[in-house]
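Input: structures, listed below.
The same chain A turns up in both complexes below, where it pairs with chain B and then with chain C.
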Partner chain A sequence: MKAFLKKEWMEWSRTGRLLILLLVFALFGIMNPALAKFTPWLMETMSDSLSDTGLVVTKTTVDAMDSWIQFYKNIPMALTVFVLICSGGFTLEYEKGTLIPVVTKGLPRRKIVASKALFLFGFWTVFYFLCAGITYGYNAYFWDNRVAENLIFAMACTWLFGVWVIALLVFFSVAAKNSPQVLLGTGGAATGVYLLGMFPKLAPVLPAKLMEGLPLLQGGTGREDYYASMAAAGGLSILCMVLAMVCFDWKRL
Partner chain B sequence: MLEVSGIRKRYGRNTILDGVSFQVKCGERVAVIGRNGCGKTTLMQILAGVMKPDAGSLRYFGKDPQGRGEYFRKYCGYVPQELPLMEELSVRDNLRLWGVGRPGDSAELIREFQMEELMKTTVSKLSGGMKRRLCIACALAGWPPILLMDEPTTALDLYYKEAIGSFMKQYCAGNGIIVMTTHDEREILSCDRCLLMREGDLTELAKEERNMESVRKMLAW
Partner chain C sequence: MEMLVLSHVEKHFGEKQVLKDVTFSVPEHSVFGFAGQNGAGKTTAMKMVLGLLPAGGGEIFVNGMQVRYGNTPTNRFVGYLPDVPEFYSYMTPAEYLCFCGEIAGMPAKEIKNRCEELLCLVGLEKEHHRIKGFSRGMKQRLGVAQALFSRPKLIICDEPTSALDPAGRKELLDVLVSSKEQATVLFSTHILSDVERICDEIAVLHEGKIVLQGALEEVRKERKAAATELETERAEDAGKLLSAFPFLKAQGRGRLLLEETERLPEILHFLADADMPMLRIERREATLEDLYMEVVGK
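Moving on to the complex of A and B:
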C-alpha cells in the first residue's frame, strides 16, 4: 500500500499533473479578485464606445462580494479542468497494464481504488482551498471579506460538490474502459443532476444546489436550505465509492 | 509444485477455459502454446492471481493462494505480455514499485540483469529488450519459486532472446518453475514440456510432436 501511494505521488509529480493543476487553481484564485479589481477600469475604458451606442456608464464600485461572484463563476471551470486532467488516472493504467504487477504483488484491489481516490480527494481539497485561500487573501487586502455571510459554510458546500463529482469520476474510471467514456459518464451524470434541478420539488435535495453559494454569501438563504443537498452529495459519494470498489473486484486489468 | 485442477473461465457466453488441469514440478520449464486468443493469457492471469477463475482450484506447493494476496506475492512472479512499466519513471523507481528494494534482493537482481548503469535512466529511453529484461527483474522481486511469463521474447532480437533463454535455464537449474506462453519453435523445443491449448483445454505434446508441422496439423491451420 505504501509503495503504491508512493507510485501515485511519483506519477502525479513527474507527469506534470500536479504542477499544471497547481498553476490552474492558483491562477483562478488570483483571477477572481483581479477581475473584480479591474472591472471599474474596464468600464471606464469602454465608456466612450458604449456611449456611442447609447449606453451610459456611471462610476462603478466593487467590493469583496464581486470577487466572490467571480469565484463562483470560475470554480466550475477549475473543477472541469481537474476532472479532464484526472480522467485518465485509471484508464491509462488499464491500457498499459501497469496495475497487473501491483495485483500480482499482493495489493488488494480495493486498496488500489482507495489509494487512487485518496489522491484525487486529497488534491481536490488542497487545490480548492488554495484557490479559495488566494481569493480570500486578496479580498482581505483590497476590501473586506465581512460583506460575505456564511463564507466558510458556502466554501464547504462547493468543496463537497467537488467531492461528489470526483466520486463519480472514480466510479466511472472503474466502470469504463477509456478516458472519453469516463468523461462522458461523469459529465453525463453531473449534467443529469443539473437537469433534475429544473423540477422545483427535487432542486433542494440535489448536489447541484451546493454550487449556488452566492445567495448564502448575500444572506438570501440560510444554511438549513443546504443540509438536504449536503446529505445527498455525501450519501451519493459514499455509494459511488462502494460501487467502484465492488466493480473493481471484477474488473479485467 | 504447481497444481492446476479444473480451471474454468467464461467471458459472457464464450467458454475460454473449460476445466484446465496440469501439474508442474520444481525445476521444470513448461511451454503453453496455441492460437492467438485461445485463452493462454487468461490462464496465465489466473495462475498469477490477476483474474479469478469461475471454477477450479490452484495450488502453489500444496497451498491454495486464491484470496490470499501474500501467497501470490511470495510464490509467484508474473511477466505480462504487454510491458507494465511506468514509462515516465526511472528504472530504479520501477524496480521499487514492484518491490525490488529489500536488502540483498535488489543488488543481486540488478547485477543479474546488467542494469547497474541504467538505474537513473527513464524507462521510455530503454530499448525493447532492456524493457523486457527490466520486466523480468521486477517480476523476480523477492525471488519467487514460480515464474509465469507471457510471450517473454516477442519482438526481441537474437541477443536478447539468448540472454533471456540462458536466464531461464539458470532459474530452473535452481529448482524454479517456469510456465511460459510462446509461439517460438526454438523456445518450445528448449522447454521440458509443452502443453497445447485448444478449445479451452490443454493437451500435452510428446517430444516428437513439438514442431510447427505437428502443431499446425493438430490445430488444423
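Moving on to the complex of A and C:
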C-alpha cells in the first residue's frame, strides 16, 4: 500500500491538482475577511449613488462574525471545486487502463480504494483547515474571534459535511465509468439530501444541517441540535466506504 | 507440470458467446502461441486468466491454483503486458519500474538492480524524462520491462509485437525466448511468422473455439500433407498438364500445385511419356499460414 500511496502523492503533486486546490482554498481563506473588511469602504463609495435612489447609508461597522458569514457562503463553493477537480481520480485510471498492471501485480483492490480515499480525506482536511485557519488568523488580527461561539464545534460540523460528500465521491468513483457520471451521482445525492431537508421532521437528522453553522456561532442553537446529523453523516460516510470497497472488488477494469 | 490450464472455459457478453468450451494447457518453460483473428476472443481469454473478467463457465488454474475473478492470488505468479500498455505519464520509466517492484513486494536493493538491468534490456536506459512523450513502441518496451520485473513464473503478452518495427520485434521475440529458462510465456498474436519463430506450442482460437492445438512440429505433421509444386519449361505445357490432371491447381505462368501428393507418380509417367521438359518439381512443406487458413476455413 505504501507504494500506491507514494504514487498517489506523485499524481497529486505532479499533475498540478495539489497546487490548484492549495491556491483555491488559500484564496477563499483570504477572501472571507477581505470582503468583510472592505464592506464599509464599499458602502461608503456607493453611498452617493444609493442616496439618489432614496437609500441612506449610515456608518457600517463589521466584526469577525461578518467574516465567518462570508466563510459559510464560500466553503460550499470550495468544496464543489474540490469535488470537480478530484472527480477523475478513479475514472481516468479506468479509461486509460493504468490500474490493470497494478492489479495484475497482485496489489489487493481494497488497498487501491483505501489509498485514494486516504488522499481525498487527508487533503480535504488539510485544505479545509488551511482555509478556516487563514480566516481565523485575519479575524484575530483585524477584530476578535470571541464574538463567535462554538467556533471549533461549528468548524468540525462543516468539515464532517465535506467528509460525507467525499465519501459519496469515492463511492460514485467506484460505481461509475467516467467523470461526468461521478459528478452526476455525487451532486445528485448531495442535492437530494438538501431537498429532503425541506421536510421539517427530517431536516435535523440530515447531513445538510451540518452546513448551517452560523446559528451555532451566533449562539442561536446548541451543539446537541447537531448530534443526530453528525451521526448520520458519519454513518453514511462509513457505509459509502464499505460499499465502495465491496464494489471495487467486482469492478471491471 | 502445467503452468496454465484452461478447462471448458465459456464466456458470454450478453447474447453473444465469445468463448465456447475452451480447453488447453501451457507446459512449464515453454513459449505458447495463442493465435487467432482479431475478435476471436484471445484478449477475453487472457483477461479471464488474469481475473479481470469473470468466467461464464469452466475453470482456470495458474501454477496449480484456481483463478478467481477480482482479487485473484494467482496474479503474484503472473507478469502481464497488455496490447496497448498505458502508464502513469507523470513518472519516468525508472520510477514506474520501481513502483512495480514495490507493489510486488521486492526488496529495495533488488528493485534498483532489476530496474537498471531491465531498462538496458529494453533500450530505455537513457530515457530520463517522463513517460508523457513516449511513442507506442517505447511504451511497449516499457511494458515488457514491467511484465518481466518481478521474475514472474508466467508471462502473458497480448499481441506484444504489433506496435514494433522489425528490429524491435526481433529484439522482443529474443527477450521472450530468453525468458523461457526462468518462466513460461503465453503470447497472443495474429502474426504467424512470430509463432513459427519462437513457439513450442500453439493454440488457434476461431469464433470462440480452439480449432487447432499442440506442439508446433506435431501440428504441422498431423495436419495438411505437404504439397508439390511443378513448373514447366514451356508455359503451354502447364495447360496440357492441367487438362490431363484437373485436380492440379494453376499457380501462375507455367506453375502448378499438386495437393494430392500420392498422385505424383501418375504425373511423372505422363511427363516421361510426353517428353515434357520441366524446370522444377519441388515438395513444399505446409506452412503455419496454410494450416491456419485451413482451420479457419478460408
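Here is the rule we go by: the second predicted complex is superposed on the first by the 253 of 253 C-alpha atoms of A that agree within 3 Å, B and C clash if a C-alpha of one lies under 4 Å from a C-alpha of the other, contacts with A are read in each partner's own complex, and residues count from 1 in each chain.
Convention: contacts are C-beta pairs under 8 Å (C-beta built on N, C-alpha and C of every residue); 3 or more make two chains touch, one makes a residue touch a chain.
Please read all numbers here as calculations on a predicted model, not as lab measurements.
Taken together in the superposed arrangement on chain A, chain B and chain C clash. Once the two complexes are overlaid on the shared chain, A:200 sits clear of chain B and of chain C alike. Contacts of A:2 after superposition: chain C is touched, whereas chain B is not reached.
Applying the stated contact rule after C-alpha superposition, one finds that A:54 touches neither chain B nor chain C.
Within chain A, the residues touched by chain B in the first complex and by chain C in the second are 3-4, 6-7, 10-11, 14-15, 96-98, 100-108, 250, 252-253. Interface of chain C with chain A (complex): residues 50, 52-53, 69-71, 73, 75-76, 78-80, 82, 84-88, 90-91, 95, 99-100, 102-104, 146, 150.
Contacts from chain A toward chain B in the complex involve residues 3-4, 6-7, 10-11, 14-15, 96-108, 250, 252-253. Across the interface of their complex, chain A is touched by residues 45, 48-52, 69-73, 76-78, 80, 82-89, 93, 96-99, 138-139, 141 of chain B.
Against chain C, in their complex, chain A makes its touches with residues 2-4, 6-7, 10-11, 14-15, 96-98, 100-110, 249-250, 252-253.
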